[in-house]
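What follows is a short report on a single structure.
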């Protein structure tokens, strides 16, 4: 009895190393296979929505879908078995996403309604975020994330200002333009204001009256100046962090001539030739 | 008689603390309720313009509208009563806006014309600016405002240059394209030029002749280089203020000459030579 | 005879001071009047192209037009008379523009063809550039111009790269998309590529085939990275010039402790309290 | 026999100097002629696709096309003859491009199918990249290329993030909007997401339902903040390289340890303490 339990424990241990570890060969291989299957499953859902492809290859898509679902199901069960705190995993973000990845196919046996199914299947796409955690990419994106986090607060205040501006501009345009030129309600006007301020400019709604076009011109020129703000915030943050990592600093000081600005790796003072402290 | 007056004075005093103060519990609560009601009233005006919602919930919207109007009316009267200089308040920006927030409903009893009414009701949205004065957001937005104010003059000169360019480009395009492709007048051409230079690009008017498309291409590439300018101005300002806060600060203050801006590692005042505190 | 000549000389001298000078009261007044009349004449040409206004106020517009033309004619003649080298002025940029401003009305007596006339009248708009030379604005725009001139060469190389990219992308899209979806020729494809790379995006031509939309997506993401380049160039230039004008430099050096980085207006060394040289 | 061979060798040598060299007068002249002919051939292919021009000048275009093809053929043969390693050249990027430039006309004798031909002819445009190697432009573009290469990795991570975002946003919009408003499949939704995130905004597909427009507004505001990131990266890189070239340079070189990067005002090598030249 103990033997069987220890065998099961060994199996659990091995599974955990393969599923969660990235240092062993099998662990790395598994990560790559999983990565490929996630991308494939995303591609399958995409293809499924293209009418031409769906008509021609319906059976092939369905078979692929079932194979992937079975693989993901086994992976999900193994994860639950091998982890220390299975309950915590199941209700974590990735636990729910992993369940989302397998549920749709089993649900499709009972519910033939395609639209609801598609919504659940699309949620599977969030597994893509797992790929973001590949170490190589993570390492390079640290500086990116730091600069964005440092400027997060200012950007939020800025977005708050843009949203209030959009509400007021959208309402004014609704009053000025009226229903004939697409501004059917104030929310529609706000949608137009955001489309314009962000310089996207679909053109599905656009001012038709001279006054409306004049106001729109003012909004666009305002948006022109405004778009500089988030860029300025992020850039200043990048420049700061990249100057910090720059090789000049005032950390070292020459004991003879007291000059203070040196290369970080300088051994001698550039001014008097004196040996610098480490 | 004096007793009644003092009671009234006490009431005025209490009201003032609640309406204008933010330090007491009641004052803070009142601010939150007011914030919620302003957002609700804005939402109500929005919903009112959506045809589907208006048809279904006309009575409910009207009732909500009246409740809010009554609350705003009481608030407006209390503000006039409790403030020291009521005349100054009534003719101030927020005084007029606060009046705007309650007028439309009372006017709607006498004037059934919906369009004029909507214009006045939308003016109520400017109360949203009051929300901008919430201390937490104000604190964070100081650096934003400073950087924008420092670059204001340069951005104005830049906008002035863009407007003159838009006038000349718009006129040329009117001559080149003519009335068939939407360039019905020079103001229309200028509207197109602004839509293009700001990279909004609705597509409601777009060049159709080969020469017009060639000129438009030149304008777009020009606009490509031009959009960099406001960004450059604002970014340089941000970078400057964030570099300044790096090695220079106002932490140290000279006790002799009261100069406040020093290097962080300064030991002596650069102005008078006095020893600085650590 | 000499008397008359000297009277004429005096008249010339006085005229010159008024027309070209900006220091006397009359000179400044004349500049303001001219500025107003140029703006008015531009407004008149604009109004003239708007059909509704033209129909209603045709006679009034014509009268205003003639009054301005007569004023500009007198100004032009006085300029030729009062200047030292009249030939040089006539064939200079502003000389030709000034002539352009008065010619259309006189030509309209002989040629009733409106289209040719409008072209010449629009050229008058270049007089607006004269307004750019108002001293107040010029002073503020110097830094702007310097930063743009410093980054001119790099932006030209960048535009050159964008144009070649647009040619290759436009040709590929012409081959991929074909005539059905608006890509009627390679120049049309290049026009589309520029509209897309600059993120203007009119939507008058847009890819319809899956392959075309895939290529377009690549182009847009490429353009996303590319738009950062001119901004980066200009911003770096602004930051450089604004750091230069910053108040810290290595110009002053303490004779006692040899520390080198000081405020430009520092009188004492922040390190040792020694008096600094000017 | 040896004489003939040496004559052939002399011819090869001379040809090589003209074709590959840029220091002799003939070499430079040849480069200019080649440049002109490449531009002309590109122009010819363009003109050929414009229906109006093709109809009118079909024969003239064909003659020009043949003249250029014959010139390019002779050039191609001479290049193969004169170069040391002809096989390496033929299979190099420029070798294949050079062959592409002449093949279409010879193929047109046997295959009259115009569409396939156009594709091959357009590939000739890649010869334009050769123009990029003109020394004057190359010199100015070095700093540009360096800054872009330095920020390449970060921009790739950023684009990777944008693509994953586009996939998830596009899928959600497909589910929300459905087929009526143009979101016919998930790939179509992704195409829309890229068009929106990059602020191009064609408007060929745009959300029509209130929920879709609300989601689109969120995406646009998100894209607003996102567009700042590549700009920030490139700008920080430019600013860094331009600050570096300010006070630090490679003008001085240590004669002892051969380190090259020093402060402009350095007197001693920071690495080994050796005296530096002025």
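Observations on the model:
Chains here go by letter, A, B, C and D, matching the order in which they are written, and residues are numbered from 1 within each.
As a working rule, a contact is a pair of C-beta atoms (placed from the backbone, for glycine too) under 8 Å apart; a residue touches a chain by one contact, two chains touch by 3 or more.
In this text, all values refer to a predicted model and were calculated from it rather than measured experimentally.
Annotation: the C-D interface is duplicated by A-D among the options A-D, A-C or B-D, judged by over half of the residue-numbered contact pairs being identical. Seen from the Cα centre of chain B, the chain whose own Cα centre is farthest off is D. Of the two chain pairs examined here, A-B and B-C, the one linked by more C-beta pairs in contact is B-C.
Taking the mean of the C-alpha atoms as each chain's centre, chain B and chain D sit 44 Å apart.
Between chain A and chain C, the centres computed from C-alpha atoms are 41 Å apart. With centres defined as mean CA coordinates, chain B is found 31 Å away from chain A.
Chain C has its Cα centroid 30 Å from the Cα centroid of chain B. Looking at chain D, residues 187, 190, 199-203, 227, 231-233, 235, 237, 239, 243 sit in touch with two or more other chains.
Those residues of chain B lying in contact with chain D across their complex are 199-203, 231, 235, 239. Of all residues in chain B, only 153-154, 157-158, 160-161, 164, 167-168, 171-172, 174-175, 184-187, 190, 196, 199-203, 206, 210, 213-214, 216-217, 220-221, 223-225, 227-229, 231-233, 235-237, 239-240, 243, 248, 262-263, 266-273, 275-276 touch chain C in the complex they form.
Partner chain C is touched in their complex by these residues of chain D: 42, 45-46, 49-51, 115, 118-119, 122, 125-126, 128-129, 131-132, 137, 140-141, 143-144, 147-148, 155, 159, 162-163, 187-188, 190-191, 194-195, 197-204, 227, 230-235, 237-239, 241-243, 246-247, 265.
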